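The structures come next, written out as C-alpha coordinates.
Each of the two complexes below includes subunit A, the first together with subunit B, the second together with subunit C.
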Partner chain A sequence: MILAAATLAVLVALLLGVIRALRGPTVFDRVLAANAIGTGAIMLLALIGFLTGRPEFLDIGILYALLNIIGTLAVLKFFRYGDLSHPGGKEPGDA
Partner chain B sequence: MAALSEIIGSVLIAVGAFFYVVGAIGIYRMPDVFTRMHAAGISDTAGAGLLIAGMMFLAGFSLVAVKLAIILGVILFTSPIATHALAQAALHEGLEPVGVGNKVLIGPGAHPGPEKIGKAAKNETRKPAIRSARKPAKSPAAKRKTASAKRRTRS
Partner chain C sequence: MVLLTLLAAITIGIVRMRNLFGVVVLGGIYSFLMASVMIVLDAVDVAMTEASVGAGISTVLMLGALSLTKTEESVPKHLPLLPVFVAVATGAVLVFGTFALPPFGVAETPMNTHVAPYYLQNSIPDTSIPNVVTSVLSSYRGFDTLGETTVIFTAGIAVLMLLKGKRHIKPGPKRRRVSR
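This part shows the complex of A and B:
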(Lines of atoms letter the chains of each structure in order from A and count residues from 1; the text may use other names and numbers.)
(Lines give C-alpha, C1' and ligand atoms only; values in the text may rest on other atoms or scores of the structure.)
Protein backbone atom coordinates (compact mmCIF):
# COMPACT_ATOMS: atom_id res chain seq x y z
CA MET A 1 0.00 0.00 0.00
CA ILE A 2 2.64 2.49 1.05
CA LEU A 3 4.84 1.22 -1.76
CA ALA A 4 2.10 1.98 -4.31
CA ALA A 5 1.67 5.48 -2.88
CA ALA A 6 5.43 6.09 -3.04
CA THR A 7 5.48 4.81 -6.65
CA LEU A 8 2.73 7.28 -7.50
CA ALA A 9 4.70 10.11 -5.83
CA VAL A 10 7.83 9.25 -7.81
CA LEU A 11 5.75 9.15 -11.01
CA VAL A 12 4.44 12.66 -10.26
CA ALA A 13 8.01 13.81 -9.64
CA LEU A 14 9.07 12.29 -12.97
CA LEU A 15 6.22 14.09 -14.73
CA LEU A 16 7.33 17.44 -13.27
CA GLY A 17 10.91 16.68 -14.34
CA VAL A 18 9.79 15.90 -17.89
CA ILE A 19 7.83 19.17 -18.04
CA ARG A 20 10.93 21.07 -16.90
CA ALA A 21 13.07 19.25 -19.47
CA LEU A 22 10.67 20.25 -22.23
CA ARG A 23 10.20 23.88 -21.09
CA GLY A 24 13.66 24.65 -19.66
CA PRO A 25 14.88 27.93 -21.15
CA THR A 26 18.57 26.97 -21.10
CA VAL A 27 20.38 23.73 -21.87
CA PHE A 28 21.41 23.51 -18.20
CA ASP A 29 17.78 23.28 -17.11
CA ARG A 30 17.38 20.34 -19.47
CA VAL A 31 20.55 18.64 -18.19
CA LEU A 32 19.39 19.16 -14.59
CA ALA A 33 15.97 17.74 -15.43
CA ALA A 34 17.59 14.76 -17.18
CA ASN A 35 19.71 14.11 -14.07
CA ALA A 36 16.61 14.30 -11.85
CA ILE A 37 14.71 11.98 -14.22
CA GLY A 38 17.60 9.48 -13.99
CA THR A 39 17.46 9.47 -10.19
CA GLY A 40 13.68 9.15 -10.39
CA ALA A 41 14.04 6.14 -12.69
CA ILE A 42 16.31 4.44 -10.14
CA MET A 43 13.77 5.06 -7.37
CA LEU A 44 10.93 3.84 -9.60
CA LEU A 45 12.84 0.64 -10.43
CA ALA A 46 13.53 -0.08 -6.75
CA LEU A 47 9.94 0.64 -5.70
CA ILE A 48 8.39 -1.44 -8.48
CA GLY A 49 10.81 -4.26 -7.65
CA PHE A 50 9.54 -4.22 -4.06
CA LEU A 51 5.93 -3.80 -5.17
CA THR A 52 6.01 -6.87 -7.41
CA GLY A 53 8.24 -8.89 -5.07
CA ARG A 54 11.13 -9.04 -7.55
CA PRO A 55 14.13 -7.25 -6.00
CA GLU A 56 16.31 -8.25 -8.97
CA PHE A 57 15.31 -4.88 -10.44
CA LEU A 58 17.85 -3.32 -8.07
CA ASP A 59 20.73 -4.51 -10.30
CA ILE A 60 19.30 -2.42 -13.15
CA GLY A 61 19.02 0.46 -10.67
CA ILE A 62 22.74 0.24 -9.86
CA LEU A 63 23.54 0.34 -13.58
CA TYR A 64 21.30 3.39 -14.09
CA ALA A 65 22.97 5.16 -11.16
CA LEU A 66 26.41 4.58 -12.68
CA LEU A 67 25.29 5.70 -16.16
CA ASN A 68 23.49 8.81 -14.90
CA ILE A 69 26.59 10.71 -13.80
CA ILE A 70 28.54 9.73 -16.93
CA GLY A 71 25.73 10.96 -19.18
CA THR A 72 25.42 14.28 -17.33
CA LEU A 73 29.16 14.98 -17.45
CA ALA A 74 29.38 13.95 -21.11
CA VAL A 75 26.56 16.28 -22.14
CA LEU A 76 28.05 19.17 -20.13
CA LYS A 77 31.50 18.61 -21.68
CA PHE A 78 30.02 18.45 -25.15
CA PHE A 79 28.18 21.75 -24.72
CA ARG A 80 31.27 23.46 -23.26
CA TYR A 81 33.93 22.29 -25.73
CA GLY A 82 31.82 21.04 -28.63
CA ASP A 83 33.88 17.84 -28.71
CA LEU A 84 33.97 14.87 -26.33
CA SER A 85 37.66 14.17 -27.06
CA HIS A 86 38.74 17.68 -26.02
CA PRO A 87 41.49 17.46 -23.38
CA GLY A 88 39.77 20.08 -21.20
CA GLY A 89 41.36 23.09 -19.55
CA LYS A 90 41.10 26.63 -20.88
CA GLU A 91 39.63 27.50 -24.22
CA PRO A 92 41.62 29.75 -26.56
CA GLY A 93 39.13 32.61 -26.16
CA ASP A 94 39.08 32.48 -22.35
CA ALA A 95 40.17 35.43 -20.26
CA MET B 1 9.69 -7.55 15.68
CA ALA B 2 9.07 -8.04 11.99
CA ALA B 3 5.97 -5.88 12.26
CA LEU B 4 7.98 -3.11 13.95
CA SER B 5 10.56 -2.94 11.14
CA GLU B 6 7.72 -2.86 8.61
CA ILE B 7 6.12 0.09 10.39
CA ILE B 8 9.42 1.95 10.54
CA GLY B 9 10.09 1.19 6.85
CA SER B 10 6.63 2.38 5.81
CA VAL B 11 6.99 5.65 7.71
CA LEU B 12 10.43 6.26 6.18
CA ILE B 13 9.11 5.54 2.67
CA ALA B 14 6.16 7.91 3.19
CA VAL B 15 8.42 10.74 4.40
CA GLY B 16 10.88 10.05 1.55
CA ALA B 17 8.11 10.18 -1.05
CA PHE B 18 6.95 13.51 0.41
CA PHE B 19 10.47 14.98 0.13
CA TYR B 20 10.82 13.57 -3.38
CA VAL B 21 7.67 15.34 -4.58
CA VAL B 22 8.73 18.56 -2.80
CA GLY B 23 12.05 18.50 -4.66
CA ALA B 24 10.30 17.86 -7.97
CA ILE B 25 7.91 20.79 -7.39
CA GLY B 26 11.00 22.91 -6.72
CA ILE B 27 12.57 21.79 -10.00
CA TYR B 28 9.36 22.80 -11.76
CA ARG B 29 8.70 26.16 -10.07
CA MET B 30 12.06 27.73 -9.10
CA PRO B 31 13.09 30.81 -11.11
CA ASP B 32 16.51 29.87 -12.51
CA VAL B 33 19.03 27.06 -12.94
CA PHE B 34 20.89 27.54 -9.66
CA THR B 35 17.79 27.54 -7.49
CA ARG B 36 16.53 24.52 -9.41
CA MET B 37 19.78 22.74 -8.56
CA HIS B 38 19.08 23.51 -4.91
CA ALA B 39 15.64 21.89 -5.25
CA ALA B 40 17.13 18.87 -7.05
CA GLY B 41 19.45 18.43 -4.06
CA ILE B 42 16.42 17.87 -1.81
CA SER B 43 15.08 14.99 -3.88
CA ASP B 44 18.58 13.53 -4.33
CA THR B 45 19.49 13.48 -0.63
CA ALA B 46 16.42 13.55 1.61
CA GLY B 47 14.01 11.97 -0.88
CA ALA B 48 16.18 9.17 -2.25
CA GLY B 49 17.93 8.61 1.09
CA LEU B 50 14.74 8.15 3.08
CA LEU B 51 13.09 6.03 0.37
CA ILE B 52 16.07 3.67 0.23
CA ALA B 53 16.39 3.57 4.03
CA GLY B 54 12.73 2.59 4.24
CA MET B 55 13.17 -0.13 1.64
CA MET B 56 16.21 -1.41 3.58
CA PHE B 57 14.00 -1.73 6.66
CA LEU B 58 11.45 -3.67 4.57
CA ALA B 59 14.17 -5.94 3.14
CA GLY B 60 15.84 -6.79 6.45
CA PHE B 61 19.38 -8.19 6.62
CA SER B 62 19.87 -9.60 3.12
CA LEU B 63 21.65 -9.10 -0.19
CA VAL B 64 18.81 -6.78 -1.23
CA ALA B 65 19.73 -4.38 1.56
CA VAL B 66 23.36 -4.41 0.40
CA LYS B 67 22.31 -3.56 -3.15
CA LEU B 68 20.13 -0.72 -1.84
CA ALA B 69 23.10 0.56 0.17
CA ILE B 70 25.25 0.49 -2.98
CA ILE B 71 22.61 2.49 -4.91
CA LEU B 72 22.36 5.02 -2.07
CA GLY B 73 26.16 5.37 -1.91
CA VAL B 74 26.46 5.91 -5.66
CA ILE B 75 23.67 8.51 -5.64
CA LEU B 76 25.13 10.35 -2.63
CA PHE B 77 28.57 10.51 -4.27
CA THR B 78 27.55 11.39 -7.85
CA SER B 79 24.74 13.88 -7.20
CA PRO B 80 27.04 16.61 -5.76
CA ILE B 81 29.54 16.00 -8.58
CA ALA B 82 26.84 16.49 -11.20
CA THR B 83 25.50 19.59 -9.45
CA HIS B 84 29.01 21.07 -9.17
CA ALA B 85 29.77 20.44 -12.85
CA LEU B 86 26.40 21.88 -13.84
CA ALA B 87 26.90 25.04 -11.76
CA GLN B 88 30.42 25.51 -13.11
CA ALA B 89 29.25 25.09 -16.71
CA ALA B 90 26.32 27.47 -16.18
CA LEU B 91 28.57 30.15 -14.62
CA HIS B 92 31.11 29.70 -17.41
CA GLU B 93 28.32 30.24 -19.91
CA GLY B 94 27.52 33.57 -18.23
CA LEU B 95 24.24 32.83 -16.45
CA GLU B 96 23.74 35.01 -13.40
CA PRO B 97 22.09 33.53 -10.31
CA VAL B 98 18.78 35.14 -9.45
CA GLY B 99 18.92 37.54 -6.50
CA VAL B 100 22.49 38.71 -7.13
CA GLY B 101 22.95 42.46 -7.35
CA ASN B 102 20.17 45.02 -7.54
CA LYS B 103 17.19 42.83 -8.31
CA VAL B 104 13.66 42.55 -6.91
CA LEU B 105 12.69 39.00 -5.96
CA ILE B 106 9.17 39.41 -4.59
CA GLY B 107 6.41 41.98 -4.79
CA PRO B 108 4.64 43.76 -7.65
CA GLY B 109 7.83 44.77 -9.51
CA ALA B 110 9.50 41.36 -9.25
CA HIS B 111 11.84 40.48 -12.07
CA PRO B 112 14.78 38.09 -12.26
CA GLY B 113 17.16 40.67 -13.70
CA PRO B 114 19.47 40.20 -16.69
CA GLU B 115 19.98 36.57 -17.65
CA LYS B 116 23.67 36.92 -18.53
CA ILE B 117 26.77 38.55 -17.03
CA GLY B 118 30.26 39.33 -18.26
CA LYS B 119 31.05 39.07 -21.95
CA ALA B 120 27.63 37.70 -22.84
CA ALA B 121 25.79 40.64 -21.21
CA LYS B 122 27.54 43.26 -23.35
CA ASN B 123 26.08 41.81 -26.52
CA GLU B 124 22.53 42.17 -25.27
CA THR B 125 20.71 45.46 -24.87
CA ARG B 126 18.69 45.86 -21.71
CA LYS B 127 14.98 45.69 -22.20
CA PRO B 128 13.16 48.88 -21.14
CA ALA B 129 10.11 46.85 -20.07
CA ILE B 130 12.05 45.53 -17.08
CA ARG B 131 12.86 49.04 -15.85
CA SER B 132 9.30 50.32 -16.11
CA ALA B 133 8.04 47.25 -14.29
CA ARG B 134 10.39 48.00 -11.41
CA LYS B 135 9.28 51.57 -10.77
CA PRO B 136 5.91 51.01 -9.04
CA ALA B 137 7.66 48.82 -6.45
CA LYS B 138 9.36 51.87 -4.94
CA SER B 139 6.93 53.67 -2.65
CA PRO B 140 7.94 56.92 -0.87
CA ALA B 141 8.42 54.93 2.34
CA ALA B 142 10.83 52.58 0.63
CA LYS B 143 12.73 55.58 -0.83
CA ARG B 144 13.09 57.11 2.62
CA LYS B 145 14.33 53.76 3.92
CA THR B 146 17.01 53.45 1.24
CA ALA B 147 18.05 57.07 1.78
CA SER B 148 18.50 56.54 5.50
CA ALA B 149 20.42 53.36 4.78
CA LYS B 150 22.76 55.31 2.47
CA ARG B 151 23.33 57.92 5.17
CA ARG B 152 24.17 55.21 7.63
CA THR B 153 26.76 53.66 5.34
CA ARG B 154 28.33 57.06 4.61
CA SER B 155 28.84 57.94 8.29
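This part shows the complex of A and C:
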Protein backbone atom coordinates (compact mmCIF):
# COMPACT_ATOMS: atom_id res chain seq x y z
CA MET A 1 0.00 0.00 0.00
CA ILE A 2 2.67 2.47 0.98
CA LEU A 3 4.73 1.35 -2.01
CA ALA A 4 1.85 2.05 -4.37
CA ALA A 5 1.40 5.49 -2.84
CA ALA A 6 5.10 6.17 -3.27
CA THR A 7 4.96 5.04 -6.90
CA LEU A 8 2.09 7.41 -7.51
CA ALA A 9 4.05 10.24 -5.91
CA VAL A 10 7.07 9.50 -8.12
CA LEU A 11 4.85 9.52 -11.19
CA VAL A 12 3.51 12.93 -10.20
CA ALA A 13 7.09 14.12 -9.72
CA LEU A 14 7.96 12.85 -13.21
CA LEU A 15 4.97 14.74 -14.58
CA LEU A 16 6.14 17.95 -12.93
CA GLY A 17 9.64 17.41 -14.29
CA VAL A 18 8.32 16.92 -17.82
CA ILE A 19 6.26 20.10 -17.53
CA ARG A 20 9.34 22.03 -16.47
CA ALA A 21 11.39 20.51 -19.29
CA LEU A 22 8.82 21.50 -21.88
CA ARG A 23 8.12 25.00 -20.56
CA GLY A 24 11.53 25.86 -19.11
CA PRO A 25 12.59 29.21 -20.48
CA THR A 26 16.33 28.54 -20.30
CA VAL A 27 18.45 25.53 -21.12
CA PHE A 28 19.45 25.16 -17.48
CA ASP A 29 15.85 24.50 -16.48
CA ARG A 30 15.80 21.69 -19.01
CA VAL A 31 19.11 20.24 -17.81
CA LEU A 32 17.87 20.28 -14.23
CA ALA A 33 14.58 18.72 -15.30
CA ALA A 34 16.44 16.00 -17.19
CA ASN A 35 18.52 15.25 -14.13
CA ALA A 36 15.43 15.14 -11.91
CA ILE A 37 13.62 12.88 -14.34
CA GLY A 38 16.61 10.55 -14.37
CA THR A 39 16.49 10.39 -10.58
CA GLY A 40 12.73 9.85 -10.73
CA ALA A 41 13.22 6.98 -13.15
CA ILE A 42 15.67 5.39 -10.71
CA MET A 43 13.14 5.75 -7.89
CA LEU A 44 10.41 4.29 -10.06
CA LEU A 45 12.68 1.37 -10.93
CA ALA A 46 13.41 0.62 -7.28
CA LEU A 47 9.74 0.95 -6.27
CA ILE A 48 8.57 -1.34 -9.06
CA GLY A 49 11.23 -3.80 -8.03
CA PHE A 50 9.87 -3.90 -4.49
CA LEU A 51 6.25 -3.91 -5.71
CA THR A 52 6.85 -7.01 -7.81
CA GLY A 53 8.99 -8.64 -5.14
CA ARG A 54 12.34 -8.41 -6.91
CA PRO A 55 14.71 -6.15 -4.96
CA GLU A 56 17.54 -7.00 -7.39
CA PHE A 57 16.31 -4.05 -9.44
CA LEU A 58 18.31 -1.87 -7.07
CA ASP A 59 21.53 -2.85 -8.88
CA ILE A 60 20.11 -1.61 -12.17
CA GLY A 61 19.12 1.58 -10.39
CA ILE A 62 22.74 2.15 -9.41
CA LEU A 63 23.75 1.73 -13.06
CA TYR A 64 21.13 4.30 -14.06
CA ALA A 65 22.55 6.75 -11.57
CA LEU A 66 26.03 6.41 -13.09
CA LEU A 67 24.66 6.93 -16.60
CA ASN A 68 22.64 9.94 -15.53
CA ILE A 69 25.82 11.63 -14.34
CA ILE A 70 27.54 11.03 -17.70
CA GLY A 71 24.80 12.74 -19.66
CA THR A 72 24.58 15.73 -17.34
CA LEU A 73 28.36 16.19 -17.26
CA ALA A 74 28.53 16.11 -21.06
CA VAL A 75 25.77 18.71 -21.36
CA LEU A 76 27.39 21.04 -18.84
CA LYS A 77 30.84 20.70 -20.40
CA PHE A 78 29.43 21.45 -23.81
CA PHE A 79 27.72 24.52 -22.42
CA ARG A 80 30.89 25.78 -20.74
CA TYR A 81 33.40 25.17 -23.51
CA GLY A 82 31.29 24.69 -26.62
CA ASP A 83 33.27 21.58 -27.44
CA LEU A 84 33.41 18.14 -25.90
CA SER A 85 37.09 17.57 -26.66
CA HIS A 86 38.18 20.60 -24.65
CA PRO A 87 40.74 19.51 -22.06
CA GLY A 88 39.06 21.56 -19.34
CA GLY A 89 40.90 23.30 -16.56
CA LYS A 90 41.13 26.87 -17.78
CA GLU A 91 38.05 29.02 -18.17
CA PRO A 92 37.42 30.28 -21.68
CA GLY A 93 37.73 33.88 -20.46
CA ASP A 94 41.20 33.35 -18.95
CA ALA A 95 44.30 34.50 -20.70
CA MET B 1 -0.38 4.88 -19.10
CA VAL B 2 0.92 7.98 -17.37
CA LEU B 3 4.39 7.26 -18.68
CA LEU B 4 3.12 6.90 -22.25
CA THR B 5 1.32 10.23 -21.97
CA LEU B 6 4.54 11.84 -20.77
CA LEU B 7 6.37 10.22 -23.70
CA ALA B 8 3.91 11.70 -26.16
CA ALA B 9 4.28 15.12 -24.53
CA ILE B 10 8.07 14.95 -24.80
CA THR B 11 7.86 13.87 -28.44
CA ILE B 12 5.63 16.81 -29.36
CA GLY B 13 8.04 19.07 -27.48
CA ILE B 14 10.99 17.71 -29.48
CA VAL B 15 9.19 18.26 -32.77
CA ARG B 16 8.15 21.81 -31.92
CA MET B 17 11.44 22.97 -30.44
CA ARG B 18 13.90 24.85 -32.66
CA ASN B 19 16.82 24.99 -30.24
CA LEU B 20 18.83 21.85 -30.95
CA PHE B 21 20.55 21.96 -27.57
CA GLY B 22 17.18 21.70 -25.85
CA VAL B 23 16.27 18.90 -28.24
CA VAL B 24 19.30 16.91 -27.05
CA VAL B 25 18.28 17.38 -23.42
CA LEU B 26 14.70 16.37 -24.20
CA GLY B 27 16.04 13.31 -26.01
CA GLY B 28 17.76 12.21 -22.81
CA ILE B 29 14.50 12.66 -20.90
CA TYR B 30 12.72 10.63 -23.57
CA SER B 31 15.20 7.78 -23.14
CA PHE B 32 14.74 7.67 -19.37
CA LEU B 33 10.96 7.63 -19.71
CA MET B 34 11.18 4.94 -22.36
CA ALA B 35 13.40 2.87 -20.07
CA SER B 36 10.77 3.23 -17.33
CA VAL B 37 8.10 1.98 -19.73
CA MET B 38 10.28 -1.03 -20.55
CA ILE B 39 10.68 -1.78 -16.86
CA VAL B 40 6.93 -1.63 -16.34
CA LEU B 41 6.65 -4.12 -19.22
CA ASP B 42 9.15 -6.34 -17.34
CA ALA B 43 11.91 -6.11 -19.97
CA VAL B 44 14.74 -5.07 -17.71
CA ASP B 45 17.58 -5.87 -20.12
CA VAL B 46 16.03 -3.78 -22.91
CA ALA B 47 15.48 -0.99 -20.41
CA MET B 48 19.12 -1.11 -19.38
CA THR B 49 20.23 -0.88 -23.02
CA GLU B 50 17.86 2.00 -23.60
CA ALA B 51 19.17 3.90 -20.61
CA SER B 52 22.84 3.33 -21.38
CA VAL B 53 22.68 3.92 -25.12
CA GLY B 54 19.85 6.43 -25.29
CA ALA B 55 20.48 8.57 -22.24
CA GLY B 56 24.22 8.08 -21.85
CA ILE B 57 26.03 7.61 -25.14
CA SER B 58 23.54 9.26 -27.50
CA THR B 59 23.54 12.49 -25.50
CA VAL B 60 27.32 12.68 -25.69
CA LEU B 61 27.37 11.85 -29.41
CA MET B 62 24.64 14.35 -30.23
CA LEU B 63 26.49 17.06 -28.32
CA GLY B 64 29.67 16.20 -30.24
CA ALA B 65 27.74 16.57 -33.49
CA LEU B 66 26.21 19.80 -32.21
CA SER B 67 29.64 21.36 -31.74
CA LEU B 68 30.21 20.92 -35.50
CA THR B 69 27.02 22.67 -36.54
CA LYS B 70 24.89 25.56 -35.36
CA THR B 71 22.47 25.46 -32.50
CA GLU B 72 19.29 26.76 -34.10
CA GLU B 73 17.26 24.69 -36.49
CA SER B 74 16.13 26.54 -39.61
CA VAL B 75 12.40 26.77 -40.26
CA PRO B 76 11.34 24.53 -43.14
CA LYS B 77 10.18 26.33 -46.26
CA HIS B 78 7.17 24.20 -47.14
CA LEU B 79 4.82 21.89 -45.30
CA PRO B 80 6.28 18.36 -45.15
CA LEU B 81 3.17 16.64 -46.45
CA LEU B 82 4.79 13.54 -47.94
CA PRO B 83 6.85 12.68 -44.81
CA VAL B 84 3.78 13.19 -42.63
CA PHE B 85 1.82 10.85 -44.87
CA VAL B 86 4.57 8.21 -44.79
CA ALA B 87 4.87 8.43 -40.99
CA VAL B 88 1.12 8.18 -40.43
CA ALA B 89 0.83 5.26 -42.86
CA THR B 90 3.69 3.39 -41.18
CA GLY B 91 2.17 3.99 -37.75
CA ALA B 92 -1.22 2.78 -38.97
CA VAL B 93 0.34 -0.41 -40.35
CA LEU B 94 2.15 -1.01 -37.06
CA VAL B 95 -1.02 -0.48 -35.01
CA PHE B 96 -2.85 -2.83 -37.39
CA GLY B 97 -0.11 -5.41 -36.80
CA THR B 98 -0.59 -5.27 -33.03
CA PHE B 99 -4.18 -6.52 -33.41
CA ALA B 100 -2.87 -9.94 -34.38
CA LEU B 101 -0.53 -10.18 -31.39
CA PRO B 102 -1.52 -12.37 -28.44
CA PRO B 103 -2.33 -10.60 -25.17
CA PHE B 104 0.60 -9.54 -22.99
CA GLY B 105 2.00 -12.23 -20.70
CA VAL B 106 -0.02 -15.23 -21.92
CA ALA B 107 1.82 -18.52 -21.43
CA GLU B 108 0.29 -20.48 -24.36
CA THR B 109 1.64 -18.33 -27.17
CA PRO B 110 3.96 -19.93 -29.77
CA MET B 111 6.76 -17.69 -28.49
CA ASN B 112 6.61 -19.39 -25.08
CA THR B 113 5.89 -22.95 -26.20
CA HIS B 114 8.26 -23.42 -29.15
CA VAL B 115 11.86 -23.57 -27.88
CA ALA B 116 11.69 -21.82 -24.52
CA PRO B 117 10.86 -25.00 -22.49
CA TYR B 118 13.82 -26.79 -24.08
CA TYR B 119 16.16 -23.98 -23.07
CA LEU B 120 14.72 -23.81 -19.57
CA GLN B 121 15.11 -27.55 -19.00
CA ASN B 122 18.39 -28.27 -20.73
CA SER B 123 20.49 -25.16 -20.43
CA ILE B 124 22.15 -26.10 -17.15
CA PRO B 125 23.00 -29.71 -18.14
CA ASP B 126 24.17 -28.54 -21.58
CA THR B 127 26.15 -25.45 -20.75
CA SER B 128 26.29 -25.23 -16.93
CA ILE B 129 25.65 -21.47 -17.13
CA PRO B 130 23.23 -20.47 -14.34
CA ASN B 131 21.59 -17.62 -16.31
CA VAL B 132 19.37 -18.95 -19.09
CA VAL B 133 19.50 -15.77 -21.17
CA THR B 134 23.28 -15.79 -21.09
CA SER B 135 23.43 -19.44 -22.06
CA VAL B 136 21.10 -18.86 -25.03
CA LEU B 137 23.03 -15.83 -26.23
CA SER B 138 26.55 -17.11 -25.79
CA SER B 139 26.19 -20.86 -26.22
CA TYR B 140 23.11 -21.91 -28.21
CA ARG B 141 23.31 -18.86 -30.47
CA GLY B 142 27.03 -18.35 -30.14
CA PHE B 143 27.71 -17.94 -33.85
CA ASP B 144 24.93 -15.37 -34.09
CA THR B 145 26.47 -13.37 -31.28
CA LEU B 146 29.90 -13.73 -32.88
CA GLY B 147 28.50 -12.26 -36.11
CA GLU B 148 26.95 -9.31 -34.26
CA THR B 149 30.21 -8.64 -32.47
CA THR B 150 32.07 -8.74 -35.80
CA VAL B 151 29.67 -6.19 -37.30
CA ILE B 152 30.06 -3.81 -34.36
CA PHE B 153 33.83 -4.26 -34.34
CA THR B 154 34.04 -3.47 -38.06
CA ALA B 155 31.87 -0.38 -37.61
CA GLY B 156 34.09 0.81 -34.78
CA ILE B 157 37.25 0.36 -36.88
CA ALA B 158 35.65 2.23 -39.79
CA VAL B 159 34.69 5.16 -37.57
CA LEU B 160 38.18 5.29 -36.10
CA MET B 161 39.73 5.32 -39.57
CA LEU B 162 37.43 8.13 -40.71
CA LEU B 163 38.24 10.26 -37.66
CA LYS B 164 41.95 9.66 -38.02
CA GLY B 165 41.99 10.69 -41.69
CA LYS B 166 40.19 13.93 -40.92
CA ARG B 167 42.58 14.87 -38.14
CA HIS B 168 45.60 14.47 -40.45
CA ILE B 169 44.25 16.81 -43.11
CA LYS B 170 42.67 19.50 -40.95
CA PRO B 171 45.53 21.20 -39.03
CA GLY B 172 47.68 22.11 -42.05
CA PRO B 173 47.19 25.53 -43.64
CA LYS B 174 47.36 24.05 -47.15
CA ARG B 175 46.32 20.70 -48.52
CA ARG B 176 49.60 18.89 -48.53
CA ARG B 177 50.38 15.24 -48.71
CA VAL B 178 49.53 13.35 -45.57
CA SER B 179 52.47 11.56 -44.06
CA ARG B 180 52.12 9.10 -41.25
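One rule holds for everything that comes next: the second predicted complex is superposed on the first by the 88 of 95 C-alpha atoms of A that agree within 3 Å, B and C clash if a C-alpha of one lies under 4 Å from a C-alpha of the other, contacts with A are read in each partner's own complex, and residues count from 1 in each chain.
Quick note on the criterion: contacts are C-beta pairs under 8 Å (C-beta built on N, C-alpha and C of every residue); 3 or more make two chains touch, one makes a residue touch a chain.
Everything numeric in this text was worked out from a predicted model, so none of it was measured.
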| item | value |
| --- | --- |
| Joint occupancy of subunit A by subunit B and subunit C, clash or fit | fit |
| Which superposed partner A:R80 touches (first subunit B, second subunit C, both, neither) | first |
| First (subunit B), second (subunit C), both or neither touched by A:N68 | both |
| Partner chain(s) touched by A:A33 [first = subunit B, second = subunit C, both, neither] | both |
| Which of subunit B and subunit C A:D59 touches, first, second, both or neither | first |
| Contacts of A:A4 with subunit B and subunit C, given as first, second, both or neither | neither |
| From subunit A, separation angle of subunit B and subunit C (C-alpha centres, steps of 10 degrees) | 160 |
| Partner chain in contact with A:R20 - subunit B first, subunit C second, else both or neither | first |
| Partner chain(s) touched by A:I48 [first = subunit B, second = subunit C, both, neither] | second |
| Shortest CA-CA distance between subunit B and subunit C [superposed frame, angstrom] | 14 |
| Overlap of subunit C and subunit B interfaces on subunit A (superposed complexes) | 14, 17, 31, 33, 68, 79 |
| Touching residues (chain side subunit C, partner subunit A) in the complex | 2-3, 6, 9-10, 13, 19, 21-22, 24-26, 28-29, 32-33, 35-36, 39-40, 42, 44, 47-48, 51-52, 55-56, 59-60, 63-64, 66-67 |
| In the complex, subunit B residues that touch subunit A | 10, 13-14, 16-18, 20-21, 23-25, 27-28, 33, 36-37, 40, 43-44, 47-48, 51-52, 55, 58-59, 64, 67-68, 70-71, 74-75, 78-79, 81-82, 85-86, 89-90, 92-93, 95, 119 |
| Subunit A to subunit B touching residues, read off their complex | 2-3, 5-6, 9-10, 12-14, 16-17, 19-20, 26, 28-29, 31-33, 35-36, 39-40, 42-43, 46-47, 50, 55, 58-59, 61-62, 65-66, 68-69, 72-73, 76, 79-80, 95 |
| Subunit A - residues contacting subunit C, complex | 11, 14-15, 17-18, 21-22, 27, 30-31, 33-34, 37-38, 41, 44-45, 48, 52, 57, 60, 63-64, 67-68, 70-71, 74-75, 78-79, 82-85 |
